[in-house]
Amino acid sequence: MTAHVVVRDFPRTEATTLAGLAELGVSTVHEADGRRGALAPAIRPVQDGARIAGSAVTVSCQPGDNLMIHAAVETCRPGDVLVVTTTSPSTDGMIGELLATSLRAHGVIGVVIDAGVRDVAELRAMRFPVWARAISPQGTVKASPGSVNVPVICGGQAVRPGDAVVADDDGVVVVPRDRAETVLGAGRQREANEAGKRERLAAGELGVDMYDLRTLLAKLSVTYVDGDAT
Amino acid sequence: MTAHVVVRDFPRTEATTLAGLAELGVSTVHEADGRRGALAPAIRPVQDGARIAGSAVTVSCQPGDNLMIHAAVETCRPGDVLVVTTTSPSTDGMIGELLATSLRAHGVIGVVIDAGVRDVAELRAMRFPVWARAISPQGTVKASPGSVNVPVICGGQAVRPGDAVVADDDGVVVVPRDRAETVLGAGRQREANEAGKRERLAAGELGVDMYDLRTLLAKLSVTYVDGDAT
Amino acid sequence: MTAHVVVRDFPRTEATTLAGLAELGVSTVHEADGRRGALAPAIRPVQDGARIAGSAVTVSCQPGDNLMIHAAVETCRPGDVLVVTTTSPSTDGMIGELLATSLRAHGVIGVVIDAGVRDVAELRAMRFPVWARAISPQGTVKASPGSVNVPVICGGQAVRPGDAVVADDDGVVVVPRDRAETVLGAGRQREANEAGKRERLAAGELGVDMYDLRTLLAKLSVTYVDGDAT
Amino acid sequence: MTAHVVVRDFPRTEATTLAGLAELGVSTVHEADGRRGALAPAIRPVQDGARIAGSAVTVSCQPGDNLMIHAAVETCRPGDVLVVTTTSPSTDGMIGELLATSLRAHGVIGVVIDAGVRDVAELRAMRFPVWARAISPQGTVKASPGSVNVPVICGGQAVRPGDAVVADDDGVVVVPRDRAETVLGAGRQREANEAGKRERLAAGELGVDMYDLRTLLAKLSVTYVDGDAT
Amino acid sequence: MTAHVVVRDFPRTEATTLAGLAELGVSTVHEADGRRGALAPAIRPVQDGARIAGSAVTVSCQPGDNLMIHAAVETCRPGDVLVVTTTSPSTDGMIGELLATSLRAHGVIGVVIDAGVRDVAELRAMRFPVWARAISPQGTVKASPGSVNVPVICGGQAVRPGDAVVADDDGVVVVPRDRAETVLGAGRQREANEAGKRERLAAGELGVDMYDLRTLLAKLSVTYVDGDAT
Amino acid sequence: MTAHVVVRDFPRTEATTLAGLAELGVSTVHEADGRRGALAPAIRPVQDGARIAGSAVTVSCQPGDNLMIHAAVETCRPGDVLVVTTTSPSTDGMIGELLATSLRAHGVIGVVIDAGVRDVAELRAMRFPVWARAISPQGTVKASPGSVNVPVICGGQAVRPGDAVVADDDGVVVVPRDRAETVLGAGRQREANEAGKRERLAAGELGVDMYDLRTLLAKLSVTYVDGDAT
């Protein structure tokens, strides 16, 4: 049968890299990593305006059971992001104010969960950011085994402990630890590149000219007509 | 065929009990009632920050038809919560500003509806709280019979007229009238109990120690490993 | 095979008519047009409190490809609303801050998209309103042909270039250009009519009396009972 | 907290009534009961061509846990239908070939489950009919308490132990035990009534004439036009 | 308000064209029309193995009300396909055995409905093919106005009366009447073209060679590696 | 940016192990691997009665683009199962009769795809089994890069090239290659174990006795009552 384990420690993404990724935000990081790693859009922020990046502490739970989240807390380090999945789909509220208080006390800066959360008024008041599939008062038990800090699938993406998890109003993106610094570099370049474009577009220059798309449109046989073509 | 009825009056949950349940909030009440009565998480608040508890006035409508909501208004008493269902699934906007104005004039403090609402900007401005499955401009007719103050299923839960309905940012929970006071008692005990826990967790004590979960984890053969186990 | 076209110009809805429709808002306009034209409620506002009306510039894209949105920009005029669909379902983030900047520079006042958007924190900060099926960081390519300013289906409704598109917190409604002025007239009448009703309902008058529904309820064999009928 | 109970015995619907309801089939029974009691269409038959009616043995389980189904078996009597729900949504395969063998040995004629089943090739080969929300290999544990033969909500409908459950290719309908015989009578009348209609319609007579709908259409201002009205 | 109309007659697609489209089947027709016209995959066949093509008779109904389907019957001609939509989403069983009998008596060869059907065992036994969003016993009333033979949206596609509707196990595709013959020609060419390809592929020739895709793959920088690249 | 690769070869699961897993079937294999590896139940068989096990050839495509499936064919070996995913959600019909013919010519015994398929009548006639999220006529292009034989996520599970993929009427399960033989052993033991249980249950022995669950039920405070407890 399955061996359930709690992995106590693992290499994390560099703090300075994480700080840089948080500045870039989810969509830029996703582009900078070759359009990879975006979690399903059904994983939504519970609050507006948060933007974080941290190393993943991963948890795999039975649906309706948050025992392993409790077991995960002591493996958390300041700056970590808790990433929670269930072995089959669930919308139960697996994390609330008390667990958030405990996680924060151990330095966790946010939670990404492919299931539900509750006490959202309190979580917002605490400014403890959460990205979740559902908000639900449905409570859970503490009865079934699972694993902590093993590779998991969350929102349709593979997450390994120590990977960089970036989350903001656009959603969540995961970057494998060993690519994180390269992605940061690519993202900064992209951002620098975009600044100039933003000004030109704001001045009315057309994207079809700026990105030189007219040739492509012609090659794709897109025809321009003056009146109503329908 | 079906007898459609409007039940004019019925016993309600005590006002003081309702006030207590509102203070506790949805998730605590749900726990205090043995993790029962949570409506499906698809029933979402239209606004942020509202927290109410009232006796249910129940309405069963044809989809796309709000005639029976109009019929329900005169059965409402101050402090009631209107609970609306349809006989088959619908997202139409069955309640808007005018109906909300009428409901408020008769003392209704909020609406829970397993269908759609509209005029949500106006409802938010009025501070009239609504929990709904959908927001939709799609209008309804006033043409088909239904019933008022009969047992209904709303968001997957049975609701009887007079039951306590508690709603906040976490969603909605229903407590049968005859259990409401007991649940209030259990909820207050739980809340008192949680206050101490919150402080200990905030101070860094681990849930696995506080709830004595290490024995359980061992019994479930959850193994602790130091490095990467994958 | 399909001829892909960009239609450069087309007749638009009158600016004064659009201003009037924006004042009325989505739900009133929908009612005034005989309860037609409401887009599916899955198309949600990305922000709170926006209310716009403009002429539709329509775009049909391949899923995961926003080339044709770039091609559409030069066909936009001040006051237009961009309406985007994909040839099969997609949640990818097809529009972000840069495209919004470009659209705004050409006078576009908002976007309705049956797919995803991203950079929503920036869009909200810019006060550039968007109604979308999803929020997603998932990026798109600029590689596949499509059409601009042809009739499209968006959120289950037919939209033609130049049609009036009205959008607010309730969602989105489309009114065919040739009906727009008539609908405005009907909507104003409806609004005038509602003002009196609002006051009467606020004073406690019942809808069943005001709308004369008691006869209908009797005809439908809805029976009134005093006690618990269950 | 919740008291979990197994109710050993309860009054059932008469066998002759059940035989009659099975003959009528789901849609006729649903009509005969005033269009009530249809479970959500998401509860689908696993096989084609089965048609059953039996008294409900009800089971409420934790998601991912089928312990209480095992506990329910000894309360089953020949001709019963097992009705299973979970306390929050689940698609796990809670019933397979072994449990079906056990249920059949105790006289159960079919299962209705608001969750998943598995071993469907074997269930079909056994001709043991099942109506389920999902087919899933995902296994369950036997660890958590629940209740047997208490009122439950299944597929959005209230089901009490002993109620008549009718299921066929159209889905599932529940009829409260105390209405079952009346409904059977109404259903037979309806069926007799339909036989004549079927012949007339097959001979080309129009429903608008047979049901005398032309007056209604005129009253509703439906206009007939000869050419293209659009 | 809306004018509800029944349009008695309209031009249809040629019978010989329809016969040809039926032979080609849905997916080939869809390709031959430039990958347009496929209804949403949620519209599924109720039976296996049917393949039809006919002229659309269109019906727009209130949800939960099949009055206008009855009104549509006398506008049907032999070889027609009934296409039914509702003004807001519904899964109710709007068509059953009796209506199917009536439709068949007037020459209708099948039904495409963006809502529910019932009596599916009987429909299968009658070999009357139906494509529907849902199977549901939930009955409907005959009370609300709608329109017959006006343009509708069904499964996310625009359908006009007289358009060619092709349906088989792959789903449903609509082809505008004035393109139908051209599409038939293109489809036949495609089919002829595919016959040779099928043989070559069956003999083991690779698609990357037959379609000359190796150059494209190289241009797209797809690299071939011999071992495990991960 | 992303490096797109086609990995030409990789270690596969042993043929004899695969044959054994196919005999066991999906649900038994899933149990034998500690209840892991079940793909989401939304991935459904297109046909009834197929049961296969093969080594995974994995493909990651752009939505709406099947170029990389063509690129994958030459990496297939007899007995392989093609596992296809898209970089964002899609229901387009990415595989049809021609591709199936090509895959079969190269020994592929079935397809698992987290997207759509078409030509399902032909696929069933060919007895080429497919498990898919959707059936859709919507065609795809051959234009965008992707990867072949890299780790992918399909139906919410991680699949690596060479992993054992087992599929039947219950759905699909993936077993990592290095666990496949151990899982086969555990599955055979389980099956042998079940044979005896099946006989005892068929003879009327209760699961609560056979699995010794009465002690657990008592420990969980499940109470037995004789009458109606509600």
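Lettered A, B, C, D, E and F in written order, each chain numbered from 1.
Quick note on the criterion: contacts are C-beta pairs under 8 Å (C-beta built on N, C-alpha and C of every residue); 3 or more make two chains touch, one makes a residue touch a chain.
Here the structure is a predicted model, which is why all the values come from computation and not from measurement.
Participant: Pick the pair from B-C, C-E or A-D whose contact list overlaps the A-C contact list by over half.
Facilitator: B-C
Participant: Determine the centre-to-centre distance between subunit B and subunit D, using the mean Cα coordinates as centres, and give it in whole Å.
Facilitator: Averaging C-alpha atoms per chain gives centres 28 Å apart.
Participant: Take the average of all CA coordinates in subunit A, do the same for subunit E, and state the distance between these two points in whole angstrom.
Facilitator: Spacing between the chain centres: roughly 40 Å.
Participant: Report, in whole Å, the distance between the mean C-alpha point of subunit D and the mean C-alpha point of subunit F.
Facilitator: 30
Participant: Hunt down the residues of subunit A that sit against at least two other chains at once, touch-wise.
Facilitator: As it turns out, subunit A has residues touching two or more other chains at 3, 35, 38, 87-89, 91, 136, 138, 143-144, 151.
Participant: Determine which chains touch and list them pairwise.
Facilitator: Contacting pairs: A-B, A-C, A-D, A-F, B-C, B-D, B-E, C-E, C-F, D-E, D-F, E-F.
Participant: Which residues of subunit E touch subunit C in the complex?
Facilitator: 1-3, 33-36, 38, 40, 87-89, 151, 153, 156-158, 186
Participant: Which residues of subunit C touch subunit A once you look at their complex with the stated criterion?
Facilitator: Touch list, subunit C to subunit A: 3-10, 67-68, 70-71, 73-74, 91, 93, 96-99, 101-102, 104-106, 116, 118-121, 124, 134-139, 142-147, 149-151, 160-161.
Participant: Can you list the subunit C residues touching subunit F in their complex?
Facilitator: 62-64, 87-92, 136, 138, 141, 143-144
Participant: Where on subunit E is subunit F touching in the complex?
Facilitator: Counting only subunit E, the residues touching subunit F are 25-27, 30-31, 35, 38, 41, 44, 48-49, 51, 168-171, 173, 194, 197-198, 201-204, 206-208, 211, 213, 216-217, 220-230.
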